[in-house]
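Okay, so subunit A shows up in both of these, paired with subunit B first and subunit C after.
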Partner chain A sequence: MTDFNRRDALKVGAGAAAAAGIAGSAEAQQAAPTIRITPERGAQLRVLRWRRFVEGDERAWVANTQKFTQNTGIQVRLDNESWEDIRPKAAVAANVGRGPDIIFGWYDDPHQYPDKLVEVTDLANYLGRKYGGWYPVAQRYGINNNKWMSLPLGCAGNAMVYRIGAVREAGFEQFPRDFPGFLRLCQALKRNNKGVGFALGNAVGDGNGFAHWLVWSHGAKMVDDQGNVVINSPQTIAALEYAKQLYETFIPGTLSWGDINNNRAFLAGELALTANGISVYYSAKTSTDAAQRAIADDLNHANLPIGPAGRATEINLATQAMIFKYTRYPNAAKEYLRFMWEQEQINAWVEASIGYVTPALQAFERHPIWTSDPKVTPYRDSYKNMLWSGYSGPMGYASAASMADYIMVNMVAEAASGARTPQQAAERAAERANRYYRL
Partner chain B sequence: MASIPAIPYQSSWRSRLVENKNFLGAVFMIPAAGILLVFLAWPLLRGIWLGFTNATLGREGRFIGLGNFISLAQDSVFWLSVFNTFFYTVIASVAKFALGLWLALLLNHNMPFKAQIRAFILLPYIVPTVLSALAWLWMYDAQFSVISWLLTQLGLIDRYIDFLGDAWNARLSLIVANVWRGIPFIAITLLAGLQTISPSLYEAAALDGATASQRFWHVTMPLLMPIIAIVMTFSVLFTFTDFQLIYSMTKGGPVNATHLMATLSFQRAIPGGQMGEGAAISTAMIPFLLAAVLFTYFGMHRRKWQQGARDD
Partner chain C sequence: MTDASNSAIPTRATGDSTGMDFLTSLPRRVVTVYIPLAIFIFVLLFPFYWMTISAFKPNAEMSSNRNANPFWIVSPTLENINHLLFNTDFPAWFWNTMLISTAATFVSLFASVLAAYAIARIRFKGADQVGGIIFLAYLVPPSILFIPLASIVYELELYDTSWALILTYPTFLIPFCTWLLIGYFKAIPYELEECAVVDGASRLQILVKIVLPLAVPGLISAGIFAFTLSWNEFIYALTFISSNEEKTIPVGVLTALIEGDVYNWGALMAGALLGSLPVAIVYSFFVDYYVSSLTGAVKE
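Up next is the complex of A and B:
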């Protein structure tokens, strides 16, 4: 980092140099935080972002970027890639030393090649102080070795998506918040012939979302704080026993479900309860078909119930911006990120994407989008409610590889479907995880 | 002393060289050899090398000897993928061959609209694999399968079939999709082979009193055998290394029941970032592939078979 610091023209105000402030907590704001970044002359930027999940997201992002170009004269080329293709591209860019100046990566990406990234501690501290602090898990994602190496943007949240009528008919006025209540609801829905289904196939988003939540909520985890594999534990067995009971209430086929199956089934009226991002609601609400809009009217969301662990244990698709060291314009890149993270831009973007991405800065909780439509409110807390990939161990190659290999998803699927006993499934998961963690 | 006679000697050496057929042959082969080396041999060798390193995506690893292979040998998912690959290849290849040959024999008869029907048969092969995979995915959907719907309407089943959610159903469903896609290639190639068989041989056999089945086994099969050997070699190769169909339909699920070595290799190397291990899985395919190809090729190429004699 020394090389960068020497030519870095940043002048950080309001005591940002204080290393103690790294966590960017909501420390008292004596003065409005400021930061001055001087972009390099003639700078141009190439930015690689995941392809939109909802149409408004891209529209607003492009508009904000154009505004940045108007203000600064810095041309920005925005590229999109399918969200699953970003990780390998970012890894290759990092390691061959060429590619986009900024990449919006996922989960533990910045922890796989922190030495290839431009430190953004000053920027993260500035934003943290200005916008109510970063959520603790954002600090986990952003900070590597006491330095911010990436700038958390937010997460695509996951919540229970349910049909109001069906849940009421099952005898629940409120969506249950605890596990016994949740199981009773699923059983009642099944008795009433209302579909319940969660993805148990090799589904990157939904499969991982369901399996991690279920296991973590029982206090079980893949690895401990030091990265030792501890998945074969009584807590895991309890989680898998619970999964078995839940699975009995599922509609057939969930073992083969990818990320899109539950959306389709829900919108076709075959499902009354699943877990998903806001996309189901978004498609139903914006549909020209009256039947779809009727589904939107009868649809609501709830945060994932809290299990024996006594705390929220979601895993949501966290995305962070990484500036690569090979960029010729590190300051322009930082200035771009600063601009895009400022309230005016973030607000317009959150609004246009109707809350598909929950920002990682706490002040943005207060955006009216989260409360103007109460059905959206659960997604407001998605960032707050989540743990990090590879919890509770360090992030890096092992956590990324374990998730890519669907170890957690497979374990839950094996035990839930009865293909293996919970004990066997946990043993096998431990064996598979050890292959990555013991390296 | 040496420089004066060197001039005429050199020129004659050059002109002789330029006129030398062996030399010219080698020179003209350089571009082709270069392309093969750069685009085929180098990636293959590099892939094999990567299998012996602990490289991660984009990051050069260091040589770890058989480390990846030893680790894979203890990995139950890897062995499951080896089993799946063999099961998939054997069943799909045999089915494709049987149905393809049958189709070729049918198409070899004179019938109206022959050319159109032959062109039509090729359709599954022309459609991009990913598109046909999507169509199959809908047909196999747990909730919206047209097959299940039809069977329910006919009263044959009372609940939808879980085509891709059950391990064996998923394996067989993918094999059906692969067979559907692979038949045209085999049928059309075998048809071309059938048309090279002289009708006079059939006439002679008929005059000798051979039955239809005898004509098939003693005239058609032996003469078709060289084509069959080539077609089946390619078919086995394509099936063994299939990726698109599996990855777009199940991503190897449910619980790795349909992971082939190719899909597992990709999953570990690209989304998982473990290039070394992914390359090791690919490298592990090579001996199996070679064995499969050699078996099909030499097995079917034996002259005795081609001449209609029995194996002894």
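Up next is the complex of A and C:
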């Protein structure tokens, strides 16, 4: 693991000048933004963050935090929880009014209790001006009622993970970018006895990632801009018909897959194509097992194909920092976030985690990590390519509850497996979604 | 009369067997006892077996169903145990879990003994209803209680300390133990206590010197239940503890050994195995008491 990071550091070293110059780009220089935050005297911070996805992520984050403490004298206590357990802990902190000063939440968390959070508009504006602006979807996640109530950090992207040899053997020199081509690839892989599988179980990351992409890419959506449930539509039926054809190429068991199953199957050589974060590649590449490293050599990534909607429609694990109003040190918390979001820290962190999290600020797409290893490049665009949770409606309780209830995932799974007809599956999804959106 | 009965009723049994022996013939025993028992043992022990072999499997065998036998280990390794013990805070989690479970069990047993004895023996008005209400409290799911409890824990500044769990676990342990002990105390004959009263014993002396020694199996049974429930508890431990070194085994193992969508199965199973051993040992020491309490036997 250490060897990999050293080599990786050497590779990207050539582009270090470019990384250092991210903020020095023309648009950033023009604005020359500044912000002055004065931390409270004697401040101490407690930060709750999700448990690392890759080892380098945590190492770099801790090192950056220690640097902050050295610079400011502010002690920061970093706690970790399993990423799926962060949301209930954040909800308890919000409801009880006590807990960590900063929590790194997921998706629409800040929109569920915006009144419990410290406004960070000044900080977000400063960072946006300095680093090429926020991606539009980052603004969706960060802004509530015209105020920035959380600071988007980035997203753990989802991309097609495939075996180069198998795809080539199936007759494709390049990974297809459209839906008919993608279906032909899956069918060819199946004919060649190469495994294809996407999570259709209640998998927070992979299940939601696959189902939302599939439905949205056909122009369908759960709710309209006003939050009215519109999932039972011809576009949804078309998406589900497509899912049925795709499902016929899957290996058995995908209906019960959680987030971990495709990782295991791919690394065991049972899969030639799935969708996942960069963790499969990271595990294979950093493994001490020669067979695993051989898989890494034959592995590549591609962005999720574009469907009839004509644009990228991914949903990726978006994470943002929330400062809670109960904190005694709101300025120290803001200063900590400012420091961690500055390019010196973000660069080191993105590099160490080989781009597992794609930053929400546009300037960081020029980071050399995205081009030093071409296999990582598709994840560069993860934030740019995604829509928000509960698209295209407002975020809040209903969007969070609908996702937590796996309505979209279950609908796709039911139709794909034939448990329900596409029409029945769409009707059931609408019925379930209405329970939350009509409250 | 016995002889006459035996001669009058023809028996299907042959040879030396008499009476109902034909019901316990070997084929029948195989069908009615051994096969169900084997299925039962398989269902109960297979997860434990799976956990054990996974704890000693190398990663290469763990990830592949094609190239390795999922039910056996070809090249056992201690790497997973090593990782668990020396690269995580498992020893601290183990100590925390032991301390919290033991303390919560004793606190709960103390309170439950007093409550159960009062309800079973002091004939106050509404005693039965109080017993019912206490049991109903056990049915309130922790997922509803943890938010108000969190508020109290924060107010008392117990957040992120072992005390947060030692004092909240009794909220579900006391109702259960009380309910269990009420039944046990009721099975102890009144006459024993009446004799003690005649000899001049106070109520407290009766409880300590007469009732509790007779109720040892019940206390052990309640204690084992309380200890096990505390040992495995997840929601409160997740909510009230944040520091890695203060966590209990169920939360600590999950936090440290699950990295996003990559599970360190070997180390996770090693954690589950080592984490379940103390409970298994406690059971094995007290299994006789445990069985006798469940069968409601109080020897007079």
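Here is the rule we use: the second predicted complex is superposed on the first by the 408 of 439 C-alpha atoms of A that agree within 3 Å, B and C clash if a C-alpha of one lies under 4 Å from a C-alpha of the other, contacts with A are read in each partner's own complex, and residues count from 1 in each chain.
Here is the rule we go by: a contact is a pair of C-beta atoms (placed from the backbone, for glycine too) under 8 Å apart; a residue touches a chain by one contact, two chains touch by 3 or more.
What you see is a predicted model; the values in this text were computed from it and never measured.
When both complexes are overlaid on subunit A, subunit B and subunit C end up clashing with each other. Legend: residue contacts after superposition of the two complexes on their common chain; A:410 is shown touching subunit B, with no touch to subunit C. Of the two partner chains, subunit B is the only one that A:257 touches; subunit C does not reach it. When the two complexes are overlaid on their common chain A, residue A:202 makes contact with subunit B while staying clear of subunit C. When both complexes are overlaid on chain A, the residue A:270 reaches subunit B and subunit C alike. Of the two partner chains placed by the overlay, subunit B and subunit C both lie in contact with A:88.
Applying the stated contact rule after C-alpha superposition, one finds that A:54 touches subunit C and leaves subunit B untouched. By the touch criterion defined above, A:100 lies against subunit C but remains apart from subunit B after alignment on the C-alpha atoms of chain A.
By the touch criterion stated above, A:397 is placed in contact with subunit B alone, subunit C being left untouched. Applying the stated contact rule after C-alpha superposition, one finds that A:289 touches subunit C and leaves subunit B untouched. Put simply, of the subunit B stretches 37-45, 73-81 or 109-117, the part that bumps into subunit C is 37-45.
Residues common to the contacts of subunit A with subunit B and with subunit C across the two structures: 88, 92, 95-96, 264, 268, 270. The residues of subunit C lying in touch with subunit A in their complex are 59-60, 63-67, 146-147, 150-151, 154, 159, 238-239, 242-244, 254-256, 258-263. If you check the complex, the residues on subunit A that touch subunit C are 46, 48, 51-55, 77, 79-83, 85, 88-89, 92, 95-100, 156, 205-206, 259-260, 263-264, 267-270, 276-277, 279, 283, 289, 291, 356.
Interface residues of subunit B facing subunit A in the complex, by the touch rule stated above, are 54, 56-59, 71, 74-77, 141-144, 159-160, 162-167, 170, 250-256, 267-268, 270-274. If you check the complex, the residues on subunit A that touch subunit B are 84, 87-88, 91-96, 112-113, 200-204, 251-258, 261, 264-265, 268, 270, 397, 400-401, 404-406, 410, 413-414, 417, 419, 428, 431-432, 435-436, 439.
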